[in-house]
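Okay, so here's the structure we're looking at.
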Amino acid sequence: MVEGESTSGVVVVNELIKQFGGFAALRGVTAEFAAGKLYVILGENGAGKTTLLRTIAGLAQPTRGTISVLGVPIVKQVCSQIGYMAHPSLLYDEMSGMENLTYFAGLYGIGTSRCREVISAVKLDPDLARPVGQYSQGMRQRMSLVRALLNDPMLLLLDEPFSNVDSRSAQEMTALLAQLRDRGKTLLVVTHQPGLLESVADEFVWMEQGKIVDRTSRLRAGMP
Amino acid sequence: MSFLAITRATLAKDVRLEWRSKDAINSMLFFALLVVVIFSFSFDPTAEESRRIAGGLIWVAFLFAAVVALNQTWARELRNQVLDAYRVSPAPANPLFLAKAFGNFIFVGVLEAVMTPLFIAFYKLRALGPAWELAPIAALGTWALVVNGTFFAAMSLRTRSREIMLPLLLFPLSIPALLGMVNATTAVLTGEESARFWIALLVAYDVVFTIACLLLFETVLEAE
Amino acid sequence: MKRGFPILAIITGLLLSFALYEALIAAPTEQTMGNVQRIFYYHVPSAWTAFLLFLINFVASVTYLIRRDVKADILALTTAEVGVVFCTVVLVTGPIWARPVWGIWWTWDLRLTLTLVLWLIYVSYLMLRRFSTSGQTPVLAAVLAIFGALDVPLVYFSIWFFRTQHPSPVIGGGGSLDPRMAHVLLINWAAFLCLAWLLCWTRYQLELVKREIEDAQARESLVEGTR
């Protein structure tokens, strides 16, 4: 891992602006996210949460502003330390879970034994021979999480991990995320169901129309 | 994993996915057969004339079949946003390009292998020149279509009307290659002239554009 | 627009008028083809102008990819559009000339075919710019322009060889040129270059203003948060 200054966080963004033609998805986001913390990012649809995550993951280039991940301004250099999970599964429906994982692990230079480790850590049903397209939504989300964890990343970016997931799976995933946080990882979780993470989150980051408007340590009553 | 290993793994994954969704292969094969039949009804010459125009007919038929095949190989990466999973990983862009190009080469090659005997039968073709030259001509010509086709199919991902953009971009640039393929094939079938110049042209075209594609693919992949 | 523009406009007007007079009246009548041959003074300079514009487009595209300078991108767009216009002139004057002289509408001679392929490549370039949904359309367009430039020598050689195998009438004449005709040709070319410059300048300014408006709108949406 690249050593940064002791005061700078794992992710540092400064006046981050992202525009798609005339529409500004991010209108000047400035924030720091530290190691060993779980952040929940909240906001209405269109607030810029997904765009922020994608920019940090290196999938989108900022229009203006700076971004530094693990002390490095070019995200691609540290992408082996980043795990990304989105609302679509980022998996091939016609391949089995194990085949998917073996392929993606290979992109990071990781072998199949590590795949099995992570699968058991996530407490996934070992029936991985079926094509992913036939999984239940809960299984698919957990498989997607496994894929994001294969490289044991320092920074985890999760976009709507609980979407359409049954409550038991959601609880297990929450416990797992807390464990990862306790091991010193940084987690940025975008979700419309912050209640699920209320007990484990370190900070709630509220976004509105492309800006961060508030950061609280507790979930306010009555907020969506 | 090394560059070659990632290329091989990606190619293996694509072949496996193609094999499993047999609908795509079957419909492509049937399409290829239909093209040959339609051409036979539209151009119904005597045996002597047929040798003169068969070169053109065959390659135009291959071109149309190739475009239909090329369009759908990237479509698979858009389902579930799987392409994001590749882009987020440390794997470089070029193994992805080569794997897609080789996969398309195999796919189009299979279509050609189905169409050629039909053409030979319907048009009573016989090579009056050195028949062995048809093998390098077929390989070089197919690669010429496939290397630029894969590249522009990827570029089309960033446009509206994706399916029509691919031929719009590919056809003008492929004109010298098409001249090469058609005239080389005609030269061998009629035995009236040497195909050597055209084969050299195809080699030059393939070398120039393979290098161009490898140099510029990453730029296109990241141009979100 | 800067003060140079009206001066250029006047010079262009004068040159074009003079060139018109030279081409239609002053130039000697061609021996075999008669007055129809005078279209040569429009056909050939248009081709040269188009090729020059596409060359500038290539240089601008490469510059853009290296330096990501917006002005390079605007120049690339401008020269592509004006180049397509001049190309169209070549493709229209060619058949108009060929029909009365040789009785055919088209011939796959080197210059005409090369022009046609360039026209196709640059029309596809303009379509890419129009259909692209990416935020980085200039990058994609620049890549396509480079591919087009790489293609040109291959197109040239393939057609050249094809022509040596299957000769056909050459529109534009192959033989030597009467020096008085060469003189008129160059005057017309100078006039066309000025016209191309004028058109590019106008289009460039138009695009520059258009982008400034878009930037202003984008900055506004940053502040207000309205979509």
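All chains are identified by letter, namely A, B and C, in their written order; residue positions are counted from 1 within each chain.
Criterion: contacts are C-beta pairs under 8 Å (C-beta built on N, C-alpha and C of every residue); 3 or more make two chains touch, one makes a residue touch a chain.
Keep in mind that this is a model prediction, so the values were computed, not measured.
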Required minimum of steps from chain A to chain B, each step between chains that touch: 1
What are the two chains with the most C-beta pairs touching? B-C
Which chain has its C-alpha centre farthest away from the C-alpha centre of chain C? A
Please indicate the chain closest to the centre of the assembly, with centres calculated from CA atoms only. B
When the centre of a chain is set as the mean of its C-alpha atoms, what distance in Å lies between chain A and chain B? 39
In whole angstrom, the CA-centroid distance of chain A from chain C equals 50
So, in whole Å, the Cα centroid of chain B is separated from that of chain C by 31
Can you list the residues of chain C that touch 2 or more other chains? 135
Residue numbers in chain B touching two or more further chains are 224
Note which residues of chain B are touching chain C in the complex, please. 148, 155, 158-161, 165, 168-169, 171-173, 175-177, 179-180, 183, 193, 197-198, 201, 204-205, 208-209, 212, 216, 219-220, 223-224
So in the complex, the part of chain C that touches chain A is made up of which residues? 135, 214, 217-218, 221-223, 225, 227
Looking at the complex, which residues from chain A come into contact with chain C? 17, 19-24, 27-28, 63, 209-211
Where on chain B does chain A make contact in their complex? 1, 5-6, 9-10, 13, 16-17, 20-21, 76, 79-82, 84-91, 222, 224
Partner chain B, residues of chain A touching it in the complex: 57-61, 76, 79-80, 82, 84, 86, 88-95, 99, 103-104, 106-109, 131, 147
